[in-house]
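Just dropping this structure here.
Each chain carries a letter (A, B, C, D, E and F) given by its place in the written order, and its residues are counted from 1.
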């Protein structure tokens, strides 16, 4: 895991750009990540733009009682998805506190994001 | 007051339909009347009778149906928007020579003029878009 | 008074500009769905021109872990309050 | 018509916010306007944001040969829809030339847009 | 080269599916192979067999089918995304106790793992989203 | 070289910022669908950081009446050129 973290590499990179609840993008992106991991691929996640909201602590249910995506985040480790990154600029733009996040993710500057994308065979954006 | 809702978001992929259902329940709880929910744009997908979401997720088609059954709210689906997207009731399926149908009562296929009628005839029209 | 309803956040969508450009001096703006991100202290500056007339939906804030994290300039209402806002308005206009 | 123009009023205002071809919003908004007019309502159109692109001259077909919305604009007069407005700021932001528009529409500043909305019984945004 | 496409946009309401079809024809014209089109998110609505667009509009379901018939391109639909949205083939309809179906061959309901296989197995995966 | 594909215009969506933030120094950006509005002289400033690596799809420009109205900094390609760009790229990333 440590090697993959420092080298930023892997098989599949899933970029999550949408916040929870407002659309199904985040959930469907996470589903793709879980499936890729279940198929034995080395999967990285990048939370970008409003997608960093996925990491906010204290999330609740949707309008009709949907459980949302917060419980899914807790399953990532079970699937060996441990390479979690977030766009550092997005976190500060939204004023989120890194300490209050539900899961730790490594903040990346723009140049690192380009490297991350280049270092994965398949990149899926949701 | 007499309310109508315009729903333009598809079920599941966007929150619009969920928000509309929540708003519908709240306005009824405040003693208002909900005359109709009009489905347009991708909102027409809310009428897909075969929807089979996982058991631990809300079933939007059933939730709309319950609204109709309990409160008499009409569920009006723009026919032009629906046909393009493969949402046909038995009558339209037969008219287009297709076997099977994808929309059934209490959802009713209707013209866009109904939306204008609702917008001008009800006290409030509230739109939920994707 | 017209109630404007916005479901997109200013952090990713410029729809808020159209909503603001369309508001009269008495009109109110309600943030719902992903639009509630606009109620964060870091984002609320986009809505300066409607200070005192800016609302956000409590249920949508709570679902996103943001209940209690709103800027003080935002009036938080639940869905019952949402209905009440539509009662008080002559009509509603939705922006997405 | 002249009275309605100067008073900015009417029964139904349809606000068109999306450009042609990329989505069906524009076409479905125009359909709503045509239907309202056919039902005898006084209909106004406001082209706002990227929606002003609907008025650009020289539009062509979509990827699979769809005819787009430009032909529909020519039908507006037949339906007595003559109260056409555009957001003046959007036109200049996109750098469009008013003379090159397919149809003339009256440019409105922000304050006038609020008045336009207030002066219609029903406002639909697409 | 061996291509695959990921289509996430619904037919009619967004250009994504139209763009994907145009791109598909162009890559085939350049002598490449199109292994599969994978439909996910609202892209699964492209498989709605009852779609009945007006005669002067393109028929996307037929256009996808033609791609399959002429070039053997697989039309793979994410089963989880499809069931939620009311897109069931005969097998799934019967499994869920529903009468009628809304998806038929050459569209095939399949798991999301197929998308990963395509993405890693083909030379190029190009995504068209709404 | 990675080909990034953007279908949203900078006049209404901030997605372009995410696309640009993700591009390496050799990467290319292709504007398609409503994204081609970004190729207008009034809008192209948003893409300054990728000058020389900015493309727009001719068919989508033409459909919108914009063929010939592009900024000179934009390289216009038809759909055959779009396929060629994907051939030359190691992979593609789509932004919407």
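Please note the rule applied: contacts are C-beta pairs under 8 Å (C-beta built on N, C-alpha and C of every residue); 3 or more make two chains touch, one makes a residue touch a chain.
Treat the numbers as computed from the prediction; the structure is a model and nothing was measured.
The chains that touch both subunit E and subunit F are A, D. Over half of the residue numbers found at the subunit C and subunit F interface occur in both copies, marking it as a same-residue contact.
Separating the CA-averaged centres of subunit C and subunit F is a span of 33 Å. Subunit B and subunit F, compared by their mean Cα positions, are separated by 38 Å.
Centres computed as Cα averages put subunit A at a distance of 41 Å from subunit D.
Along subunit B, residues 12-13, 15, 19, 22, 41, 57, 125, 127, 129-130 each make contact with two or more other chains. In subunit C, the residues that touch at least two other chains are 7, 11-12, 14-15, 33-34, 59, 91, 93-94, 96. Contacts with at least two other chains are made by residues 21-25, 49, 62-63, 121-122, 125 of subunit D.
Listed by chain label, the pairs that touch are A-B, A-C, A-E, A-F, B-C, B-D, B-E, C-D, C-F, D-E, D-F, E-F. Subunit F contributes residues 2, 14-15, 17-18, 21-25, 27, 90-91, 93-96 to its touches with subunit A in the complex.
On the side of subunit A, the complex with subunit C involves touching residues 18-23, 49-50, 53, 56-63, 68, 70, 90, 93-95.
Against subunit E, in their complex, subunit B makes its touches with residues 10-13, 41-42, 45, 48-54, 57, 61, 83-88, 92-93, 96, 98, 100-102. Of all the residues in subunit A, the ones that touch subunit F in their complex are 15, 17, 48-49, 87, 89, 110, 113-115, 117-118, 121-123, 125. Here subunit C touches subunit A in the complex through residues 7, 9, 11-12, 33-34, 37, 40-43, 59-60, 62-67, going by the rule given at the top.
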